[in-house]
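Okay, so chain A shows up in both of these, paired with chain B first and chain C after.
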Partner chain A sequence: MSIVVKDLNFVYSPKSPFEKHALINVNLTVEEGDFLAIIGHTGSGKSTFVQHLNGLVKLQSGTIIVDGIDLSQKKIDYKKLRGTVGMVFQYPEYQLFADTVYDDVAFGPKNLKLSKQEIDERVKEAIKLVGLDFDYVNQKSPFELSGGEKRRVALAGVLAMRPKILVLDEPTAGLDPQGKKEILDLVTSLHKTMTPTIIMINHDMDEVARYANKVAVFDMGSVKYLLTPEQLAQKQDELVKMGLDIPTLAKLKNYLANKGIVLPDDCITVEKMVEYLADIKAKGGANV
Partner chain B sequence: MFKDIAFGQYYPGQSFLHKMDARIKILLAVVYLVCMFFIQSFFGFAVILVLLALMIAFSGVPAKSVFKSVKPIIFLLVFTTVLNLFFNPSGETLVEWWIFRITTGGLILSGKLVLRLVLIVMGASLLTLTTTPMDLTHGIERLLKPLKVIHFPVSELALIMSIALRMIPSLIDETDRIIRAQKARGADFESGNIFKRAKAFIPILIPLFISSFMRAADLANAMNSRCYKGSKGRTKMRVLKAGWRDAVGALVIVAFFGGVIALNFLSGQLVETLPWMFF
Partner chain C sequence: MFNNSKEIIKVKDLTYIYTTVDDEGNEVIEQTDAKQANGLQGVSLSVYEGEFLALVGHNGSGKSTLAKTLNALIVPQSGDVEVFGLNTKNHKDVPEIRRNVGMVFQNPDNQMVASIVEDDVAFGPENIGVPQPEIVERVNWALSAVKMQDFAKRTPTKMSGGQKQRIAIAGVLALKPKVIVLDESTAMLDPQGRKEVLDTVKRLNKEENITIILITHFMDEVLDADRVIALDGGKIVMEGTPHEIFAQEQKVKEIGLDLPIISNLAHQLNKKGFDLDVNVFDVEKLGDEICQSLLKI
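This part shows the complex of A and B:
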């Protein structure tokens, strides 16, 4: 098991007029190999939760075990933890600082006190992984690059630490549709090759349905539901009430069900839906 | 980590002092400041102490917050007290050791000095505790208006002040975010010698500078697109209004200080007081 969270509670500014319970009794298990999407309203505690995973937020009560590292212990090996859990913040391009792309990507591995050769190897690998041309970008200033390229460099900076668990906070925010697809495809290929476990905060339900295999719904500081993308369609009313949405295809599926065309649960991609609908048509059913 | 920093000193409330006009409060604070330099006798200080205690009670601000404002000048207090205590030769000698000599004159002088400084700072802090930074800016802008005659850019100055005030919380948030992002990449701000630690801040400062410049450019564009063209002809969204509270407040303060100064005159101590004004 990759991440086990038990009875996690977190309070901001405790015992002051600004006291705020950000997390209330959160229990969540993420298996190795999972692609977990976290959805939830602003202020539902999702960012606070993911920041617990690599020790950026100090544990107040409850237990978290990340890849064998117990975060409720007094002494935590933060270097190891941060090498294990890679964290890509929202708009990660705002964290770029170095003179060259190379130095920026090397920042993480350098902090892990790796050998020069190892750093060099990892930087090359990370830049290639995010789909940039190493020879072209490595001596450029990160600030000369385009927005999409900057985000890739920032992502490479995290990947160079070779995390086993990758946490992404809205990695597609502010990108055009093409850029979004590229980043998500990149994340998918990382999921297959390099980082076995992925946790992604995302507001786009279509992206969630397409890429994740588990969906945690956060509301008012706790995990309301832990669903598979297929189950999202069944929770339409509950999710809308929380100010969230369900995937477009799930909406279509529910709409069709109301009209008398009931599609199977696993109908969550355009391809599957077309297949099922063609099937129904071929059988000569559903003249709506 | 920066979440808990209360910005400025402002203590929210609905008291008499909170509701007073910022301009009047600033003016009264100036009157208070000037008068503090005229007061010479311990009796005078006692009167001011009572006045200050009354004002604090009226403001609804916890006395603790007012006392806290003295903290930054503790060093100054100690320093001046020591100088006055040991090197003032007037009066009778109480203790003498090597080049140090404590005299009654020195004792009284340093006592008065401490009282004066503490009362000034506490009085002034009452202004910032009961006035929002924005109101203070507006008040200052209004009071400096006469300087426009000599082409001093009063409104621009006020605008700069309000923008700066507005941006502080955003900058704090941004700093917090960048620190977390770099920590997530294994950055270490807590260990190593002073040079190492200073160097560790580069990955925070550079992104912070860049985003500040971008923010400034965005703000300039936003202002341009809403036709900002300098202060000429601009009106205020919040118009400061002086009311009965301000009249009452002004009367109380003026009466107090009128009395204090009259007392000083009567006892013929004003001449002695004058050097204080230049201290």
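This part shows the complex of A and C:
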């Protein structure tokens, strides 16, 4: 089991006029192999939650066990924890700092005090993983690269730590449609080959429907629902009330169901929708 | 529909190529990922009074550069930009041009200049020497126009992204511009914040007759525009109503853009023998179309 969170509470500025309960009794289990999407609007607690996972925020009450590391213990092996959980923040390209792409990506492994050879190996691997040409970019300044390339370099810096769990906070924010697709396809391929567990904060429900296998819905500091993207369709009214949305095609599925055309649960991507509707048509239409 | 309106901005043969200095100190032309020159090449277009114009294109297509030429943040290397009859090349006209064309950028945190909302909104009018009583009037009006009047005495730091962007819009409004350019102003917001900003912009367009130029990567934001212009490689490659643009699936994808998901589904179903109207962008209308086509068999 990858991550187990029990009765997690967190208060910002406790015992001050600005006291704010950011997390209230959060319980959540993320299994190895999950691609979990976290949704919820601004202030729902999702960022505070993910910051707990690699110890950026100190546990106040409750328990968190990440890949066997118990964060409620007094002594935590932070080096091990941060090697396990790789964190990619929003607009990670703003965090690039080194003179060359190579040094930027090597920063994490260097801090792990690895041998020169091992560092070199990891940097090459990470740059290759994010789809950049090592010989072309490694001696360039990260600031000479395009926005999409910079984001890849930032991601490579995290991957060079060889994390088992990758946390991404809105990885597609600010990218054009092509850039979005490239980053999400990259994350999907990492999920298959290298990082068994992915946690992604994302506002775009259509992306969630396409890429995730589980969705945690945060509302007012708690996990309101933990469900599959397919089950989101059943929660349309509840999610809209929270100011959230469901995938566009889940809405269409619900609409068609009301009209008597009932489609299977997994009909929330264009491909599946086309497949089933074409099938109904081929069989001579719906019997209503 | 706006061809009969007054032409307020005229861009003619606009070229602006970014250059950079190489290791030997020579000036060289900057290139995009696609190895094209970075910038704009021979762009001509008109903007009409009261219209809602959307500018789309992939990263590096030139849309932000184009936006920046409209209020003289960038002056053309060749060609002309005329705003209400004033050429952006004439330095003395620049303050007047900027009063008429306001800009709102992507990051709300980078656009705040004061620690109290009403001071922030007052910054523009103060700078152009508006008399004090009128400043108060303008600030109140601008904050009401974006529905942030209750926040006048508050500090922006603890607000959501959508609220901050509405304050940034109020700051621009306080200058009483005739045109507002939004350069990916919704990119960093959550869905609720995006909706707040878009609703505000649409309302200003309808009620105050402010011309809106919206730059965005979200194809669903384009649907409410009167006209869409798509850029690729620094040139205008498509122009038309949202319907006319998204009817051309192949071309839209070729220039690195996407169709709104509903329109995409309609196109894909038609390839499987359906006969749906691809000019439909909302769930219910497409739902009805699908029902009709399946039930009439």
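Please note the rule applied: the second predicted complex is superposed on the first by the 285 of 288 C-alpha atoms of A that agree within 3 Å, B and C clash if a C-alpha of one lies under 4 Å from a C-alpha of the other, contacts with A are read in each partner's own complex, and residues count from 1 in each chain.
Heads up, the rule we're going with is that contacts are C-beta pairs under 8 Å (C-beta built on N, C-alpha and C of every residue); 3 or more make two chains touch, one makes a residue touch a chain.
None of the values given here were measured: they were computed from a predicted structure.
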| item | value |
| --- | --- |
| Partner chain(s) touched by A:Gly148 [first = chain B, second = chain C, both, neither] | second |
| Contacts of A:Asp206 with chain B and chain C, given as first, second, both or neither | second |
| Which superposed partner A:Gly131 touches (first chain B, second chain C, both, neither) | neither |
| Touched chain A residues, chain B compared with chain C | C |
| Sites on chain B touched by chain A in the complex | 3-4, 174, 177-178, 180-188, 202-204, 206-207, 210-211 |
| In the complex, chain A residues that touch chain B | 12-13, 16, 18, 51, 54, 56, 78-79, 82-83, 86-87, 89, 92, 94-98, 107-108, 111-112, 143, 157-158, 161 |
| Chain A - residues contacting chain C, complex | 41-43, 146-149, 173-179, 203, 206, 243-245, 248-249, 251-252, 255-256, 259-261, 270, 273-274, 277-278, 280-281, 284-286, 288 |
| Residues of chain C that touch chain A when the two form their complex | 32-33, 57-60, 106, 160-162, 184, 187-188, 190-193, 217, 219, 256-258, 261-262, 264-265, 268-269, 272-274, 283-284, 286-288, 290-291, 293-297 |
